[in-house]
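A, B, C, D and E are the chain letters, set down in written order, and residue numbers restart from 1 in every chain.
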Amino acid sequence: MKKANVPTYKNLRKRKKRIPGESPGTFVVLDNALPSKLRIYAYDEENIAELETSSIEKALAFVNSHPEKFYWLDIQGLGSQEVLNSVQQKFNINALVMEDIVNNHQRPKYEEFSNCIFVVSRVLELDENINLKNEQLSLIVNHNFLITFQEDYEDILNPIRQRLVHKKLGNIRTLGPSYLLYAIMDVATDHNFNLINRLGDELEIIEGILYDKPQKSIMYRIQGVKKIMLTMRRIAWPERDKLNDLYKSSSIFIHPDVKVFLRDVADHNVQIIDLLETYRETSTTMMDIYLSMINNRMNEVMKILTVISAIFIPLTFIAGVYGMNFAVEDPVSGKIMKNNMPELYWENGYFFVWVLMIVITVLQIIYFIKKGWFRD
Amino acid sequence: MKKANVPTYKNLRKRKKRIPGESPGTFVVLDNALPSKLRIYAYDEENIAELETSSIEKALAFVNSHPEKFYWLDIQGLGSQEVLNSVQQKFNINALVMEDIVNNHQRPKYEEFSNCIFVVSRVLELDENINLKNEQLSLIVNHNFLITFQEDYEDILNPIRQRLVHKKLGNIRTLGPSYLLYAIMDVATDHNFNLINRLGDELEIIEGILYDKPQKSIMYRIQGVKKIMLTMRRIAWPERDKLNDLYKSSSIFIHPDVKVFLRDVADHNVQIIDLLETYRETSTTMMDIYLSMINNRMNEVMKILTVISAIFIPLTFIAGVYGMNFAVEDPVSGKIMKNNMPELYWENGYFFVWVLMIVITVLQIIYFIKKGWFRD
Amino acid sequence: MKKANVPTYKNLRKRKKRIPGESPGTFVVLDNALPSKLRIYAYDEENIAELETSSIEKALAFVNSHPEKFYWLDIQGLGSQEVLNSVQQKFNINALVMEDIVNNHQRPKYEEFSNCIFVVSRVLELDENINLKNEQLSLIVNHNFLITFQEDYEDILNPIRQRLVHKKLGNIRTLGPSYLLYAIMDVATDHNFNLINRLGDELEIIEGILYDKPQKSIMYRIQGVKKIMLTMRRIAWPERDKLNDLYKSSSIFIHPDVKVFLRDVADHNVQIIDLLETYRETSTTMMDIYLSMINNRMNEVMKILTVISAIFIPLTFIAGVYGMNFAVEDPVSGKIMKNNMPELYWENGYFFVWVLMIVITVLQIIYFIKKGWFRD
Amino acid sequence: MKKANVPTYKNLRKRKKRIPGESPGTFVVLDNALPSKLRIYAYDEENIAELETSSIEKALAFVNSHPEKFYWLDIQGLGSQEVLNSVQQKFNINALVMEDIVNNHQRPKYEEFSNCIFVVSRVLELDENINLKNEQLSLIVNHNFLITFQEDYEDILNPIRQRLVHKKLGNIRTLGPSYLLYAIMDVATDHNFNLINRLGDELEIIEGILYDKPQKSIMYRIQGVKKIMLTMRRIAWPERDKLNDLYKSSSIFIHPDVKVFLRDVADHNVQIIDLLETYRETSTTMMDIYLSMINNRMNEVMKILTVISAIFIPLTFIAGVYGMNFAVEDPVSGKIMKNNMPELYWENGYFFVWVLMIVITVLQIIYFIKKGWFRD
Amino acid sequence: MKKANVPTYKNLRKRKKRIPGESPGTFVVLDNALPSKLRIYAYDEENIAELETSSIEKALAFVNSHPEKFYWLDIQGLGSQEVLNSVQQKFNINALVMEDIVNNHQRPKYEEFSNCIFVVSRVLELDENINLKNEQLSLIVNHNFLITFQEDYEDILNPIRQRLVHKKLGNIRTLGPSYLLYAIMDVATDHNFNLINRLGDELEIIEGILYDKPQKSIMYRIQGVKKIMLTMRRIAWPERDKLNDLYKSSSIFIHPDVKVFLRDVADHNVQIIDLLETYRETSTTMMDIYLSMINNRMNEVMKILTVISAIFIPLTFIAGVYGMNFAVEDPVSGKIMKNNMPELYWENGYFFVWVLMIVITVLQIIYFIKKGWFRD
């Protein structure tokens, strides 16, 4: 009963015990969080400057010395308490938001504040060991600033950085931080889309096996897919609400021309939900088919047992009867007892008993054929 | 365990990997898309002109040379990048819309833009190999122009073309592109209706077999129908939302007199949903009946095994007992041991043992009859 | 495996293939539709006149010659194309409405038009062969005219006709066509109520059998009831929406004093839905009980087999052992072999073997009693 | 297969056939309804007078002769047509309301009329034979009058009467008929609460038995509880809507100070729904546990059968082999055939065969232990 | 069939019978309620004073002698009728609220009154015997006063008390009673969060066992978790409504700056619901896997039984045949009967019969291998 080698997810193990009654807003970085690396861009339609550092002071100095219109501060690794403290103070971020950023188990959500908007996304990927990686991506947006918070250094935002640097005069340079927000939502959605497509492929492979040679491993593979889909659903539905809220929001921090792009990414997310619900039903159906195949096979096993038993048990009884030792002559007194098993002394007794047994067998086989046991 | 020859669907295999972070609006035609063919109509109440070509320049020239009121540009095959680029530029179509048109896995939807409305429909048909064909049909409508995008050259819109050409002064000629939009929605709905009716027939056939001679193939046939219905549901529900939105829309591109027709096609679509939900429940019920028939049959098999075993096992034991060789006389010392199996030397021992066995058998049969095992 | 003689429904077989792309409004009567009979009433508080005819001209002439306030035109049989055409033209009925009237598979619905309201009801009855009859009843109402369209000549509206003719000065004579509309809705609802009550009785009978002598036919009877309920649900839920819309409608064609009556019939319909949902759950529960009874019985069968096998198989083995022919004396050399089956030559070997077998049997019976196999 | 002695409900049998097409408002008392008894109170803050009678004329005379502010007319038994007719005329009650009062299968509901409000409640109780009693309680309220209609003479309103008579100057005397309405809703809700609590106790008892000694009667007891809960749900959900409507109503017949009390009773009803849904899930879970216990037991039975069969069938075969009669000497010719069953003539053949059989047994037991069949 | 040692919940047993018709507002403390202890704080930004007493008079005197801005009266134990009476009178609390406070089975809720707001929370914890403790926490808030009612003396509010005493000038001291209300909601939510996390751990442990060595105890452990989750759901959903209502409330008793904190705690509660729904599905899936493992094992058992029976039953029959005693010579007349079992007198009869039996065995094993019975 070895478990099949299918995708599993281990992120449930991150649960930490809360200490009830803590003051809100005294956020503390997690023990296993990575040290923070900063990357900052200052840009407008024409120009762009970039700085990589791990010092928040240098980053802020860079901002002050670059009078471009827009800035993007990307923070990778959420383990440097003092960096996060400085960011909070500099940008006047609500303590509850900081708490949500470092406690990386938030649902996708969109919250409006007077001086910014706060967005949480989740990015799902299967890593090389086919474990599910479920990363929180937090974003703060105001008129001219975007701050992104990523859990680790693996960089899913690189393609956006490339476009930002090279697409002079494009939307990404002219529409400000809310367009960057859209672009990041789009990347996250595309990652999730690739995962759901991979699950679709896995389900097709399982289905092939199911109809070809059903084995016990199928059950584990289906359950593996279902587990990942369970996590995806937990994310996809609040993601939908978030994107709809963003699209319909009247926040001043979202450029009006970005709305149509947000509608597009919301549309992609609805497609993900659509596929999720379809695959869910597909996997349930495959499980049902598998179980009923098992049932059918059991039925077949029982039929074979019953046919063999039903045929041979009576025959064995007959053989047993003529194996009895009732004596025709009392060994002590020598008395002859003609009634004891006279068949044994018939000229063709042995032949008659074979005839009897063959007749019984034939009758039973006819009965089973009539019952349809040898059909299908 | 051969799979029954039932409708299947292969369109899941179209999944392509997305490249996260691509700039939106840089649409690229799919690898397996067909070259584009153009067919254009210029018409008003009285006159109609038609052109078939694969050159977008000729098509646009045709428009310029025909000062009729309304135009319908039908594009079959979405594989010619430069044709689609020209269309986008000429009609000023949003890049996100072009993306949705070439990526042919969109859900049915209705989107309003400042210069047009955009509608996606899906048409389902079983092809000659009873595989499910699931084609995307995209439409762009403004005051005087309808553009339709079809995936292949099979032409479900031909009846509409006939009516357009021949129904001088009819609604189709006077109400403009939004009436054509309605007419196409109606054709698509009718195709879907025919498919659901075909599934209804299949379910009735399966039901007949189920009550007549239940076989394992039933399971596969039911699952085949369920799979197609799963795809249909994914389409029918967003289709309903789309048609309701269209019907209630205040878009200036929809002629007021077309509204009542849109309500009618929305009504048809609700009937499809209705049937889908009913057939879903019907197929679940048939599956349950099949499984419980299997169960019942297993029960019957077990009963036969038990009756035969229960009757013959004790009899065989008795025969075994009187087949034992306990000796009445020690072969070595010649000592007589009267207690060893005296029954063997009774005058009518053999007769008595038969009486005993018949009595046991009769008692057991009475017991089983009382238990109701031979009823039903 | 004969199917029990329970109500079935055959109306699924009415499915006809649609021809996609047909012009809307070119309605065509169905092949199996009956020729139309007309019955027309002209009435006010004091007077009433009646005409039966199959000529639409005579009917219209009758109207012209009777200057009463209100008219009711009842059309039975929807197979006369020219009659329906005349009616459409005379009363200026939308072509889409005519289509819905002749295609008798519409869901219950309520539609408002500028010159009338259009209502579809469905009436369910079990005919003498306990097949489900599912008739569409279409109504068109304006200020002074009611037109009813029935599929066949069986006349469920007769009681209303009686009241109309005899209840001088009653609501039915003074409140106009919308009161007649209510009265007909009420009759239809009462028919459906009687059917659901009949299903309730059937379920009670099945329950009695279930607890008394469960048999395989129960499964078929429950499924028969479920099938009818499936059809009823498809009708009852849209019927509820229709009645609520009617009750809350601000249409000028509905007399204000009729509203309270419409609320009452809507209330009846909610009771039908209530019962349907209850019976659905009841029938599912009965199915579950039946299946678990089957399971229990299988369990019992297995227990009997196991008890008998477990007891007799070891005994039969012992008997088999002492039926072996190991020789105490070599028949060829005459050598004495004392170790071969000395038990056979003990003075009380046979007695001892019986003691052994009885002890084994008693121990096993004690074990099974302890396991609780003979309880319950 | 005797049914356990659990609560059942018989009120389904009340179904009467409706006569379609009857004129609304011509209400007819039911055949099995009890003769009406009247009890009337005239009261204000200070004074209260009471009359019991079965004559409606006397009751009305009593009202005329008592110029107090408020009146409560309580009618027990709905079988006196003329009494109900008088009440209808005197208080100008809508005929549809009278119909709902005498046809005692209404759902809980609240309806507003121009001259009164109409409320239907249902009171559930288990009678002494643990059958479910499901009584309809109808109420009509206006500015100064409350009329209650009860099906039988069992008096659940007595505590309210006591408070009314003795609580001079209390809310019950000063807030008018709508406070009485509240008080009666509260009594009805408390009765339903007591029933749901009783079901909770029953479920706990069943659970105890389930984990202690699961027997077949558990299935029937669970189904008994589920059946009652099914009836309760049919009542509790519309009751919730009714109470919310009452609480939020702007009717002039409801004293503003009574609103907060109505909110409280609505809150109680939500608690009932809460418990119902919880118990529903609990009972489903217990059923699942029971079924899987049955399954487990079956498994155990099969294991015992298989162990015994697997061990003894090969041994019995071996014994059978050495019970064969192949002869070492031809009885006719006296020819010696050394190859026929030489084992029988070995010095220690019998000992060897026992060794063989013990080895086989031990190997099988080791195999089964390894398979874990003797664990758990 | 011993029950596994998993968390259970006993709080269902608190059900008390209601006495229908009692006057509302005459609240009576429960029999098993603890005597009330009072703890009162008078505080503003700068100063704080505290008193512990069991005398309500002393508490009120303390209030009068401390002219600080805000007060918090914490009542532990709801068993002192006179204390609660005094509190009700002093703070003019609605009698229905007092009833809800002492009857400790309320759902989480939020009610507005003219002079205060009333909030009910529930705190879930597993006690040392892993029974579920489900405590009601009631709160009354107005401009300057918070009153909390706890069922017992175990003090989950201590961390808040610490912050209140030591956080001079913090939000907790400046934002008034509604901030304290938030802080208490947050503590309660954190306790519930810790419980759901514990359930998550338990499910992971069960999953480990399931895939490693499935045993019957798994079923009981899953059901134990499900039971607790059932209680949690009953609380979490109304809790969500309550927190949303609080957050969106326009009550003057809630400080505007507290709203953002209430949104945060509402967000935490949605995470709890999220996890609950996920764990529910997880536990259902694990149950399904367990049941299908049981099924698979049964299948395997049946296969072993069938293989052994199928192989040995025919062999035993053959052995039985050659154990028959058909005589070649009549013992009485001495007549030779050559047809009776001549095989027994063949030179190599015994060898031939072994060959026959081995051939049969090999053929059967080939058949079973082909059937795939020894695979997987």
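Simple rule for what comes next: a residue touches a chain if its C-beta (ideal position, glycine included) is under 8 Å from a C-beta of that chain, and two chains touch if they have at least 3 such contacts.
Because the structure is predicted, anything quoted here is derived from the model rather than measured.
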Excluding chain D, groups that stay connected where the other chains sit: one piece
Contacts common to chain C and chain E (chain labels): D
Chain A to chain E, fewest steps along touching chains: 1
Interface composition of copies chain A and chain B: same or different, split at half: different
Chain B onto chain C, rotation angle from CA fit, given as a multiple of 5 degrees: 70
Distance from chain D to chain B - Cα centre to Cα centre, in angstrom: 40
Chain centre separation in whole Å, for chain E relative to chain D (CA means): 25
For chain A, residues contacting two or more additional chains: 295, 298, 302, 305, 309, 313, 316, 320, 323-325, 341
Topology of the chain contact graph, where touching chains are joined (line, ring, star, complete, other): ring
Chain C-facing residues of chain B, complex: 156-160, 162-163, 167, 170, 172, 183, 186-187, 190-191, 193-194, 197, 200-201, 204, 211, 260-261, 263-264, 267, 270-271, 274, 278, 281-282, 285, 288-289, 292-293, 295-296, 298-299, 302-303, 305-306, 309-310, 313-314, 316-317, 320-321, 323-327, 330-332, 337, 339-341, 372-373, 375-376
Interfacial residue positions of chain D with respect to chain C in the complex: 1, 3, 12-13, 15, 17-24, 94, 96, 99-100, 105-107, 109, 111, 213, 215-217, 219, 223, 226-227, 230-231, 234, 287, 291, 294-295, 297-298, 301-302, 304-305, 308-309, 312-313, 315-316, 319-320, 322-325, 328-329, 336, 338, 341, 343-351, 353
